[in-house]
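What follows is a set of notes on a single structure, which appears directly below.
Should a chain be cited, it is by its letter among A, B, C and D, assigned in written order, with residues numbered from 1 in that chain.
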Amino acid sequence: MTSSPRSVRVAIVGASGYSGEELVRLLLRHPHAELVAVTSRQSAGQTISQVFPRFATHPLARSLRFTDPDTAALAREAEVVFLALPHGVAAEYAIPLLRSGCRVIDLSADFRLKSAAVYREFYAHDHPAPDLLAQSVYGLPEVHAEAIRGARLVASPGCYPTSILLPTLPLLRDGLIRPSGIIADSLSGVSGAGRKAEVDYLFCECNESVRPYGVPKHRHLSEIEEQLSAAAGVPVVIQFTPHLIPVNRGILTTLYLAPSRPFATPDEVAALGAEIAASYARAYVGAPFVRVLEGKALPDTKNVVGTNVVEIAWRLDPRTGRLIVMSAEDNILKGASGQAVQSLNLMCGFPETSGLA
Amino acid sequence: MTSSPRSVRVAIVGASGYSGEELVRLLLRHPHAELVAVTSRQSAGQTISQVFPRFATHPLARSLRFTDPDTAALAREAEVVFLALPHGVAAEYAIPLLRSGCRVIDLSADFRLKSAAVYREFYAHDHPAPDLLAQSVYGLPEVHAEAIRGARLVASPGCYPTSILLPTLPLLRDGLIRPSGIIADSLSGVSGAGRKAEVDYLFCECNESVRPYGVPKHRHLSEIEEQLSAAAGVPVVIQFTPHLIPVNRGILTTLYLAPSRPFATPDEVAALGAEIAASYARAYVGAPFVRVLEGKALPDTKNVVGTNVVEIAWRLDPRTGRLIVMSAEDNILKGASGQAVQSLNLMCGFPETSGLA
Amino acid sequence: MTSSPRSVRVAIVGASGYSGEELVRLLLRHPHAELVAVTSRQSAGQTISQVFPRFATHPLARSLRFTDPDTAALAREAEVVFLALPHGVAAEYAIPLLRSGCRVIDLSADFRLKSAAVYREFYAHDHPAPDLLAQSVYGLPEVHAEAIRGARLVASPGCYPTSILLPTLPLLRDGLIRPSGIIADSLSGVSGAGRKAEVDYLFCECNESVRPYGVPKHRHLSEIEEQLSAAAGVPVVIQFTPHLIPVNRGILTTLYLAPSRPFATPDEVAALGAEIAASYARAYVGAPFVRVLEGKALPDTKNVVGTNVVEIAWRLDPRTGRLIVMSAEDNILKGASGQAVQSLNLMCGFPETSGLA
Amino acid sequence: MTSSPRSVRVAIVGASGYSGEELVRLLLRHPHAELVAVTSRQSAGQTISQVFPRFATHPLARSLRFTDPDTAALAREAEVVFLALPHGVAAEYAIPLLRSGCRVIDLSADFRLKSAAVYREFYAHDHPAPDLLAQSVYGLPEVHAEAIRGARLVASPGCYPTSILLPTLPLLRDGLIRPSGIIADSLSGVSGAGRKAEVDYLFCECNESVRPYGVPKHRHLSEIEEQLSAAAGVPVVIQFTPHLIPVNRGILTTLYLAPSRPFATPDEVAALGAEIAASYARAYVGAPFVRVLEGKALPDTKNVVGTNVVEIAWRLDPRTGRLIVMSAEDNILKGASGQAVQSLNLMCGFPETSGLA
């Protein structure tokens, strides 16, 4: 980090939701990013600090005002634009922004899939810009760093997919687990549902409540399976069950995996365990935001909330022949806005941890 | 309680909110009430158990269906009708129901005041039926039991007023505190805001948050001051600050009161304390739902949530010359639906604790 | 329920924990039980209402005092004794009480297994009374009602086992699922850890946190597998992962099961689904505390907390060939004290729902 | 910040509690502080990242190990030592550290009072080092910045006092409120009770619960009254009621104050309001961590948790003649560790916001 990186002008479209708010927080204090525009129809005209009082200590928050989204204006002011919009809407902005020469980091699901047919199956409408699917890069920096560096359009992964892919991909690539029969059981904080006025997400409906939802075919399955299939070299179909739990932030995922070879004796357990540990070490040795736990420690969302880190721990169970892998992340940071900024850092040649440490 | 009381036919108008749901729960299992109708525009056509799965073990919940509110039909079926509606709306139903001979227990603020002018000042519109204000009875059973027994229209008190009036009225009536300078600082669970789809009451907006609101002139002030004034025999103006805290249910009120006479020495403290204790004992000796704590115990909402009880404790502070009184209640039970059923019991000659123990 | 059942004298040993407190609540208001003794070393000498202010409205709570546990005294006073003690300790009380002619309902794990060897494997010490294992009855009323009716020693099931066994046993008995490969992923409220002064269960350590624990070999596995094996007729080994979530009460279990025959076409899905529905209907047609959800509804702990009900829903996933079954219960009621009272009702010939509705 | 400030070597004694953990977090990333030692009897021998996994991304956290506290070793290594110890214990460390030439920032109550007699009255034992009381500086940077800059011993204020003093002192100094009759009603998150294994602070005892405690004479009264008296020039006695609410962090204080002159007409309200606004502006114009809210905004702990900011809002109530002032802070940051680092910055000539923005 000897030469001081230049600064990049960035904008956020749709900055009034939870992911947008977190992008504002991260980019206000990013050492190499200059926040030049934030848009939100409902907040247009107000300063950042009027909408989000907790940022008021930052001078820019007291002067920069939300505007109505205008892609021509955005393209003039910003070099990189973050889209924190609902799926289906993001594409409408990405298309003109890309045409105007902006680089785009999209936090929605619009460009995460390579297949327009799979998009239609899971999102129930035609993809608005199928030609862009080929050039978009799936923004998981621990896996696609090189492609992200050169990308003009980054599709930042979903929160659940991040918590499932990072613990699974190395083992699949290294042939340590079978690609069939994967089960992912995930627990998410309520911010994952967004800042939407719906009775289901009222305090009294979520507090003292735990419930599964979207069983058995959640939309995030599509991008998870596409990424897993690419790593495995064969089509992968997984079981995924999300649950809503009463915390603001955090996803805890428990994965049930089948090792490729049997293990029963202590020696076999130790040998397979060493290979699993080595696989994770190879994959994440230089990864600043992946923490593979050792000893008796198990993931706990409270150890990662507020950070861009994903915690991973694993256990071999000789009773059942299964490998249990558990991960924890902050759904709004590593699961959304933090990971998007991590991609920004790669795209602009900044240190990967800039603004995230 | 030697003779078995007859049963009364009851209906609930507006049964899909938190107070309405609690009325359903209480009346389904009430030994002397027969629930004959529940209305809700949004749930019309569904059975109680479809709307509220937790009641499904009760046979009636599986057969009784929500209907659109129709006062003529209600008047044919029910002898007593509970109104769990927003203020302003309740009156529209009360008027024809009373005319048809029903007795009405209204949980809204519509009939709590004697003065239509005060109603207009605090609720910002003209009272829809000012002539009914004279005949309505303020449904605080520990204070107005006799009037409630004979009432045709009971205005069940607000949640905050209940938590403030029960600890204050005896001391005021007995002249132990001065009527001026009363401060009530109240903390309420989020269910007090109702089952409304508003961003302010989303889980992530309330969890890990505490905030005052409605400062300094909350609507409940009007009924609190009217009741206190009646007890004191002089106009009483109080300071009231409500706060929203992240619990589903419960109100904790801390009252700052000025005893009528000074106390400084241990003997004076003991003498005044004995009078305060005696005042509460006189007021609540036979009251099944008021618990004045002794010894070191202080109120805690978790000891009253799920019950119709209000807990009260008090401390004299010779350093400041003040009397601190604290109360805790379940805002949906003693603060709303439980208290309404308590009035039903009085109106129908049932034991006061029927369906509430 | 034509003849009025007589009343039974009951006692609770170890009544100061969460399960003990809930037993006190249930038995104080049970129409056919007379609570004659409650014991707790730490609370000896205090009345029930001093220890648990929320019961103070019940007259008996203001007069009955906690005593030190004394089996001779208990045997004189009580016909049925509930043991709400840690495992290993319960047996010390059960032995003399049974010898003195009391019937015992033990909420600990001491008598849940038939095999002393399995007990030693999972609980790390020799069983203190292996001869009693043969005569103890596993107190799951929906499965062992007949044996419970005649039992002198009932071993009330653990909270996790209840949430796993009730959804699984019918399908296993009817051969609809394979006995191998069962996965149970469970989420429990913090009361499951007991009222113990440990840093791990402090508010700030649990709030805004989700974490797995006891992976991969939790003690409850032993009783789950013993019951499943009995139903399947072959040894069953399952995968079980418990998680701690920030709610006071409630267990949500998600089960991953393999149907015995393939299903892919809509017709196959429908046919298999009909058999699953029929299996549950046969098993639980008269069961007052099992609610199999229909339509789009999924279990939610908030619909069962405060009740003795377990909610069950299931989904066939033709993409993966799996059956997903989800259950929700109150870990302290159906998972502990409520289920124990349900056994009491069977043992004494009371209606199964007495004191639980 | 033209000249780059040098770095200071700092140590933390008692780093395993909530305040200590937060000091670790702040000092690990402080641009001008080098953390050279952390002590904790219970964690001695472990690295910071073993005790606090969430800091593991910081290299120093993976190498620096907790040691047993040894004042001689600390004095050799560190220039400034933070004491995050219980009151009574802190003084034992402060005395030798000061003698060895270290500067000390004490987060306990040991050196907050000027009067050893008041200390004895409120803390029930003799002060262990009364001669140090004269030289200690009360570490409220917005009030005592000059003295803190030159201090060798800073007594960092309590969490409640900070939330009460910052909103009150300017008005008192400017004669806008009367020094008598002040009431402070405070709500605190559970972290304020420390990381202590006590049943009262278990998740299930705090969740879904709100309760007052320490009524009417909490220990923090002593330092609050001493500071208020100094500002008023007359002895000030206040009413203070703390409550425990189910959040991890945050204090919300509501103050009931009596303006020095009457106000009733809109003009009088406006004139007095202008003076209050001017008083706050004068006091906090350059204060980076005090935010006086404008318009309709009221303090909300969620807007300050995670920051070193205190939010203040006020309302004049012509109905009662009172001034209501509300404040919100993070009890562990502005109420403890953040404020201590703010003092460090002043003591060392660093920008006041270093490591806190």
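Keep in mind that, in the parts below, a contact is a pair of C-beta atoms (placed from the backbone, for glycine too) under 8 Å apart; a residue touches a chain by one contact, two chains touch by 3 or more.
Just so it is clear, the model here is predicted, and its values are computed rather than measured.
Distance from the centre of chain A peaks at B, each centre being the average of the chain's Cα atoms. Chain pairs C-D and B-C differ in how many C-beta pairs are in contact, and the one with more is C-D. Averaged Cα coordinates give chain B a centre that lies 39 Å from the centre of chain D. The distance from the centre of chain C to the centre of chain D, each centre being the mean of the chain's C-alpha atoms, comes to 47 Å. Averaged C-alpha coordinates put the centre of chain B at 37 Å from the centre of chain C.
For chain B, residues touching at least two other chains, in rising order: 205, 207-208, 246-248, 300, 302.
The part of chain C that touches chain B in the complex is made up of residues 29, 53-54, 56-58, 208, 288-289, 291, 293, 297, 300, 302-304, 306-307, 309, 311, 357. By the touch criterion stated above, chain A contacts chain B in their complex at residues 18, 189-191, 195-199, 201-208, 246-248. Across the complex, chain C meets chain A through its residues 183, 185, 187, 205, 207-213, 215-217, 237-239, 241, 243, 245-250, 252, 254, 256, 298-302, 305, 315, 317, 319-320, 322, 324, 326, 328.
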